[in-house]
Amino acid sequence: MTAKRIISVFFRYLVRVITLLFAVSVIAFILVSLSPVDPVQQYVLSVGSVSPEQRAELEDYWGVNDPPVERFGNWFRAIIHGDFGTSLLYRRPVIDVIREKFVNTLALMGCTWIFSGLIGFGLGCVMGANKNKLADRILKKICLLLCSVPTFWLGLLLLLIFSVWLGWFPIGFSTPIGVLNSEVTIWQQLHHLVLPALALSLMSFANVALHTRQKLIDVLESDYVLFAKARGESRREIMRRHGFRNIIMPAITLQFASFAELFGGSVLAENVFSYPGLGSAVSAAGLNSDVPLLLGITLFSALFVFTGNMIANLLYGAIDPQIKESYANE
Amino acid sequence: MNELTIRRNKAGQNIKETRRKKMNRRTKTVILTVLIAAVIVSALLAGLLISDEAVAIDFANAKQKPSFEHPFGTDWMGRDLFARTMKGLSISITVGVVASAISAVAAVLIGIAAATGSKALDSFVNWLIDLVMGVPHLVLIILISFSCGRGLKGLLIGIAVTHWTSLARLIRAEVLQLRSEQYIAVSRKLGKSNRWILVKHILPHMIPQFVVGLILMFPHAILHEASVSFLGYGLPPEQPAIGIILSESMKYLSSGMWWLAFFPGLTLVLIVILLDHLGDNLKMLIDPYSAQE
Amino acid sequence: MVCEHKHLLDVQNLSVSFRMYDSGLEQKELKVISDLSVSIDRGEILAIAGSSGSGKSLLAHAILGILPENATARGNMRYKGEIMTPEYQEKLRGRQIALVPQSVSYLDPLMSIERQVLGAGKNAKERKPALKNIFGRLQLNESDGRLYPYQLSGGMARRVLVSTAVIGDAELIIADEPTPGMQKQQALEALKIFRELADEGKGVLLITHDVDLALEFADKIAVFYAGTTLELASSKDFRGGEASLRHPYSKALWRAMPQNGFEPLDGFQPYAENLPSGCLFAPRCEMCSERCKTEIPEMRELRDGFVRCFHAT
Amino acid sequence: MRLEAKNVSFRYGAGGRKILNDLSIYVDEGERVGIVGPSGYGKSTLAKLLAGYLPPESGEILLDGKPLPDKGVCPVQLIYQHPEKAINPRWRMRQVLEESESLNDEMLEKLGIEKQWLTRFPRELSGGELQRFCVARSLFQGTRFLIADEMSTMLDVITQAQLWNVVLEEAESRNMGLIVVTHNAHLAERVCTRVIDLSTINSI
């Protein structure tokens, strides 16, 4: 693809992402303003008593009595300048809260993403290669079972077994209690990361494995593999030249397209292990009607997912010559 | 069910042989489907019929291990866990089924509209699907639940809004492919209107997909309902939803009451697995080609 | 059918049946090829002609030993006089016996033409120098090697598929429906390569539903009907008119051709699910006797061709 | 009555190569016109234009002087090469005939369609039998012209002869116009009153 072509395709996606993000912000704002919970009242509750002037100033700040479109206008303009407002829960700018907690969530989702990708893909290949043999039937049953298990219950079980009974791992939080943030060693952080990551990975690798298995079976039952067999290619050669090549890229593309699922899963995992990432923050924000934080995280998560989808679409264009050509003469 | 089979051997003579026709797969699948459906319906009814005093607080025998009298044991307030789980399960199933029904109907309408409507409508629907799939499901459900004041209504709408997208995309692709078939073009040349073609050609093809898609949506919806109530959204705390029972059990994990977390989750998983099997079996019955394993 | 000199390929009473699920999810046994006998020698083009969808492609897959799992094959096949066990078939596939498949869907969509024609493993490097003149011989130019299958026109795809067989220097080439819906001139042009290969001493098995084309091009024709061969005749027998043919079905075929009588025979080919006992053509044959209804006629030699009928003269 | 294409041109997609260019052809009632030529030169495209399945890029298709109706029952019916693609796999064969109200004993008997086929699904019948249903379906009251696009290419020689004898008989008895698209020159000579080589009338 010529450079000019790539840029124009990238630009088209950028426009699409921007329109989608704008739509997300509009819908999120509408949903939030529909809520019967009055943000000012919520703030007063969390702060304790508030003098009438302060209340008036707060109402003005929230623009409670302005028409909704205008309120959205102010809020949106603020966001463009990077001012997401301050979080009620953490009493700090939403941006800082998100930046700090995103690192934890990224660590959790990152290793899950890699772990479930590699193990899922590997298992999927094993299952697909010996379809309906013993190994395939057993692994398939296990994967199907894992897909029907809710992530949070899985987390509870892991907590029960490894923390309560065996005591190998801490009950929760990403850093040991009572230790200042600065002194926390990397090992301690990893130590707290294992169980939530395990819980999240067990479910997502099952999905990847089943998808890969089905894709490999379709490839191995295709005409061109039959023709490769007719030309005397050994089973191993067929797997390498045709099987692997034809499923590796769709698998990678699927991995990038699964950010939404991953984020959803981490919300649950973080809550079970009270792991201080974006996931637990968004559910806490919902419970305590911390509107700015809720909107901030929603937007951020949408951006995160759209980026993944964009990479997936670009990757898909790169590997499939037919789609690459359709870009070329568009 | 005896069936006379005539098998030819090499020499050309016919060997007449009666052989008890083993119960063919079709009847086996039908029986299995009915069985699973019965179990699910009984779980649903059991939950609804359980009286309130069965789940009443009874501090006398609080924190009891699973015993014959209390198969799932009791919680820190002495409430019988088995009764609460069954009640919670029926709520989960109802919410899951209703939410899936709503989203399945929406998926069909939007899917067919996108496939049969104008190009602009089609690209708008695609954009809408990207939008809904863009925000992680749970975040969207939290937002919707927050906007409805965190009641059952918010939970239902939340799950319905996040589940229709994949089925809509599947139905849209299926209808688009069907409309390009030659027999549709022939039908037009025989003077048939678009409506006639939709009813006589396209819908009979879509109904099996729709039914199977709907059934396969139940497990996901139930899992989502449990997850959302686990996070504290959805039903008020005193209602015994599986998610709530499990989230409350977290506090008592370290004090050794493992049964509080184990059994409710297990029953939920069992119901989800049963529903998955129900979906697969129905798929085998309704649409034999695609289910040809 | 005992014969002294060894054929390149000799198929004796081959039967292939499939385990299928019908709508009622009941498992049925579908006999797609029943007691088929056919043989090919070097330097000869044998056409297997019969209506499409009656299992001819399966014969090619049976010979190569690449039938799907739910298929079972009985009867014996010999290549150069040696029984074709699965291990022997595996050694032959792609080296001694080459398949030219029907459509471009038999090419890997994500691999360039050159890499696919060269094939896998060590012999790919050996074949590299030969690639240039193979492409030349099939009117493909060097640059076509870099294309992908979806970029090929119908004609180019067919020539690429033929080149995969030619490059391997196989001795037996099986072409499965190489000229779908082509006009006579175009088809003969596309098949010219197979005549060259036959003249170089290779055996060519041409599977087609176009009887017309088979008569013009092949040396010998095996008449395929409901999964079995009814007659093996040289093409000059067919050109010689109805009298020189043996089996009543071959005669009916000859009479039904537009350029002969265009007179159709009544009745339909039987289905693989409920094949008649005895001779498969019995229900439609006017010479049908009691024996035909119960006994399967064996292939027997008649006027230096072969026929599977008790009454043929 | 005459079915006519006047100075018709066509290409697939905006950038595609022009397949038919300024082509004119006509067929009168009772005539049987063969269209022959190498495969891939636009025979099937012309058949689809004449039957109103594709709008020509330029030029027009006239039936009895008036443009072909694109709504309602079309008196010009097309029969495809692959019958299994032209029949809804989920319908029973009876429904296929009911769609054009041509399910009557006389038609079944004429086309040699056996009663027990009516309750079967398309996948349980052979190509020859399916093609008979396609022919029966298009021979309803209003049909004036029948276009057979490689109708018997996939069939064996005997089934081809059976099918054509039936179609010719019906065409004569109803004085229908027939267009026979085929790559088989022998078939064209045998069946048609007049044979046209596409390359002679297509200025490509």
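Note that the chains take the letters A, B, C and D in the order they are written out, and that residue 1 is the start of every chain.
Just so we're on the same page, a contact is a pair of C-beta atoms (placed from the backbone, for glycine too) under 8 Å apart; a residue touches a chain by one contact, two chains touch by 3 or more.
In this text the structure is predicted, and so the values were computed from the model without any measurement.
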Quiz item: Centre of all protein Cα atoms: which chain's centre is nearest to it?
Solution: B
Practice problem: Please state whether B-D or C-D has more C-beta contact pairs across its interface. | Solution: C-D
Quiz item: Could you state the distance in Å from the CA-based centre of chain A to that of chain D?
Solution: 56
Quiz item: What whole-number Å value describes the gap between the mean CA coordinates of chain B and chain C?
Solution: 50
Exercise. For chain C and chain D, let me know how many angstrom lie between their CA-based centres, rounded off.
Key: 31
Quiz prompt | chain D: positions in contact with at least two other chains | solution = none
Self-check item: Set of chain C residues in contact with two or more other chains
Solution: 23
Quiz prompt | Contacts with two or more other chains, residues of chain B listed in rising order | solution = none
Quiz prompt | Contact set on chain A toward chain C in their complex | solution = 222-224, 226-234, 237, 241-242, 245-246, 319-322, 325
Quiz item: What part of chain B is in contact with chain A in the complex they form?
Solution: 127, 130-131, 133-139, 142-150, 219, 223, 226-227, 230-233, 243, 246, 249-250, 253-254, 256, 258, 261-262, 265, 268-269, 272-273, 276
Quiz item: chain B touches which residues of chain D in the complex?
Solution: 51-53, 71-74, 77-78, 80, 82, 85-88, 90-91, 99-100, 137, 140
Quiz prompt | Sites on chain C touched by chain D in the complex | solution = 23, 50-53, 154-155, 181-186, 209, 211-212, 252-253, 256-259, 262-266, 268-269, 271
Self-check item: Residues of chain B touching chain D in the complex
Solution: 181-183, 185-187, 189-192, 200-201, 204-205
